[in-house]
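Following this line, the structures themselves.
Paired with chain B in one complex and with chain C in the other, chain A is shared by the two complexes that follow.
So, the complex of A and B:
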């Protein structure tokens, strides 16, 4: 059984933010929420690095461990999803997540957060596949359509890889072997407890 | 006297009309409420956890073009 993962090749990311825009457009993500964003380290200095970041769909997801209402679940292909019907917007998952993935619409007054929203790996949610309710709450279900997350498919420099973990690790290894260096599969040790050994 | 009786009957008719009307309105409201929001059954536990990833031609093309 394939375990799907994200891998950002930081040597290729040019901080174009196409992944962010593609995600927002594909899922009609409301104003103020970014399911994916690009983080740049040492911006404008030599050795600048950009990493496209969203939910990494961790193997042992810390968000699920701290959720008081157990709204998270992991699918058979290792996608971490959540139910917005169960979420109470407590914000614990935001503090637990090492990647800052959970987002809140801040719909109410007095600091109330609203239902948590995060990257679904373009896999919808607990509602019926391809239903209007699923689209409105979680966005499009591209995985069920036989496609991959749009952020990765749109990446102009092919920096962001998505799909079967074994396959994308192999692709990344080939790249690193060819160019002779690599900045490491950023976040893999944190999310999946493994590194791409080169 | 007869006039008063006629008035009473007319009043009764009006009440009966509104009573019937309100009943119909309740029925209509029920139809609208159930019709406007079709209840989508959420998936069962096994359905929502099933694997959706498929290695289609689309996915294979993605892997192929990412190799170079």
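So, the complex of A and C:
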């Protein structure tokens, strides 16, 4: 089994937000929740870069470590998923997550947190593959269809890469060697305790 | 005419060149290699509690935070520091109480029950106490459960039942916060006048409250120094727990987003541990630890001998008040 990862080549990202839109549309994510977002660093200054960020599916994931009800699990492909049946909407994963991935619908008491929602790497959830319940709770299960996450699949500049960690690291390394610069594999050190050596 | 036009064009060309060329040169000098933001460098420049943020075009401004390394410290606090602090403080307090009970035993009423009682707490006093105490117990248990229940209770109940229980605990924690706050406020209004520290308290503390030596009862008014300490622990603790709790109840209103929420959960959790430890001691001395003490908050009527031993000045004052009203007087109709 592969260890899947995300890699955003910030030197290619043009901040078109298509990944954000595709994700929302594919999974019919409700209003106010963004599983993926594009953040622009040094906006308007020399060296400006945009980074597409979502759940990084960390090794030794902080969310899973702090969850009071142990609702997280890691699949054979190293995708970090959670059960919305167990989630109590306490917000602990949001405090621990370095990437701001966990999102909550405002349906709890006093309009606070409902059950957590985050990027599933287009891998659904604990429900039966392709079932209506799975789609309603977690969105499309593209991985079970043999496809990669839609955000990366449709990225127009191929900035956002998804797939086997070593394979996408090789692609990124080749790019950096060829063009002579790169701003780094964003979030890799934090998420995977390693970076792409060039 | 033609020569003049040429001069004007030449002059304009010179002006244009002098303005535009440096800008163009600057543009040509820009090297993406050197000047691209480097994640490594940016992360190294961050100070404690900082986040790597940028600009975002979706309406959720809080999503502009890209990486917040502080989450790892919070994880360390929650997974390692808090269980250590909690374990040491709570088990330490339980151990100390058991040890105290074994050494000192139950504090007895020296002169035995007199059979006569005196009203210590009216029904409003007891209502305020038990409303706060009842909420406190459930808040403490649900708080403990959300912190360490996964290690202790989850294996016993299984994931589904445990998640259901913890969810009910969360709801109880959110709603019971309000009667708890009301109770603390009511107790403040009812008892603050008798809880102002004075000279008598110093003497009481010097004698260790008579706790460690049989037959010794330092003078006390309505509340002795120990009770005053409990009162102010509840007031200060209740206030800080309430303020930090409000932030956590309304997470979307927190001014600094995740950073302030991390701070508030830390304050809330550490203080809760100390608060629960203090209340364990309070509950011990008010029930098992001292003969006759529970009646004060039970029926509200305490034995006269108990009252004379522990609150001699208060009894004298109450009796003086009662004597001022003739016993057989018939109330005016």
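FYI, the second predicted complex is superposed on the first by the 195 of 198 C-alpha atoms of A that agree within 3 Å, B and C clash if a C-alpha of one lies under 4 Å from a C-alpha of the other, contacts with A are read in each partner's own complex, and residues count from 1 in each chain.
FYI, a residue touches a chain if its C-beta (ideal position, glycine included) is under 8 Å from a C-beta of that chain, and two chains touch if they have at least 3 such contacts.
Source: prediction; values computed, not measured.
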Have a look at where A:68 lands relative to chain B and chain C in the superposition and call it first, second, both or neither. second
Quick one: classify A:4 as touching chain B (first), chain C (second), both or neither. first
Comparing chain B and chain C in the superposed model, the one touching more of chain A is C
According to the stated criteria, A:147 is in contact with first (chain B), second (chain C), both, or neither; which is it? first
Return first, second, both or neither, reflecting whether A:126 touches chain B, chain C, both chains, or no partner chain. first
What is the contact status of A:85 with respect to chain B (first) and chain C (second): first, second, both, or neither? both
Identify the residues of chain A that lie in both the chain B contact region and the chain C contact region. 85
What residues on chain B touch chain A, complex-wise? 40-43, 48-56, 58-59, 62-63, 65-67
Per the touch rule above, chain A residues touching chain C in the complex are 10-11, 15, 17, 20, 32, 34, 37-43, 46-51, 53, 62, 65-71, 85-92, 94-100, 106, 109-113, 180-187, 189-190, 195
Okay, in this complex, where on chain C does chain A touch? 30, 32-33, 35-40, 42-43, 52-58, 60, 62-69, 71-72, 74-75, 78-79, 145-147, 149-150, 154, 159-160, 162-163, 166-167, 170-171, 174-175, 248-252, 258, 261-262, 265
Touching residues (chain side chain A, partner chain B) in the complex: 1-2, 4, 73-77, 79, 81, 83, 85, 123, 125-129, 131-134, 141, 143-144, 146-148, 152-153, 158, 161-164, 167-168, 171, 174
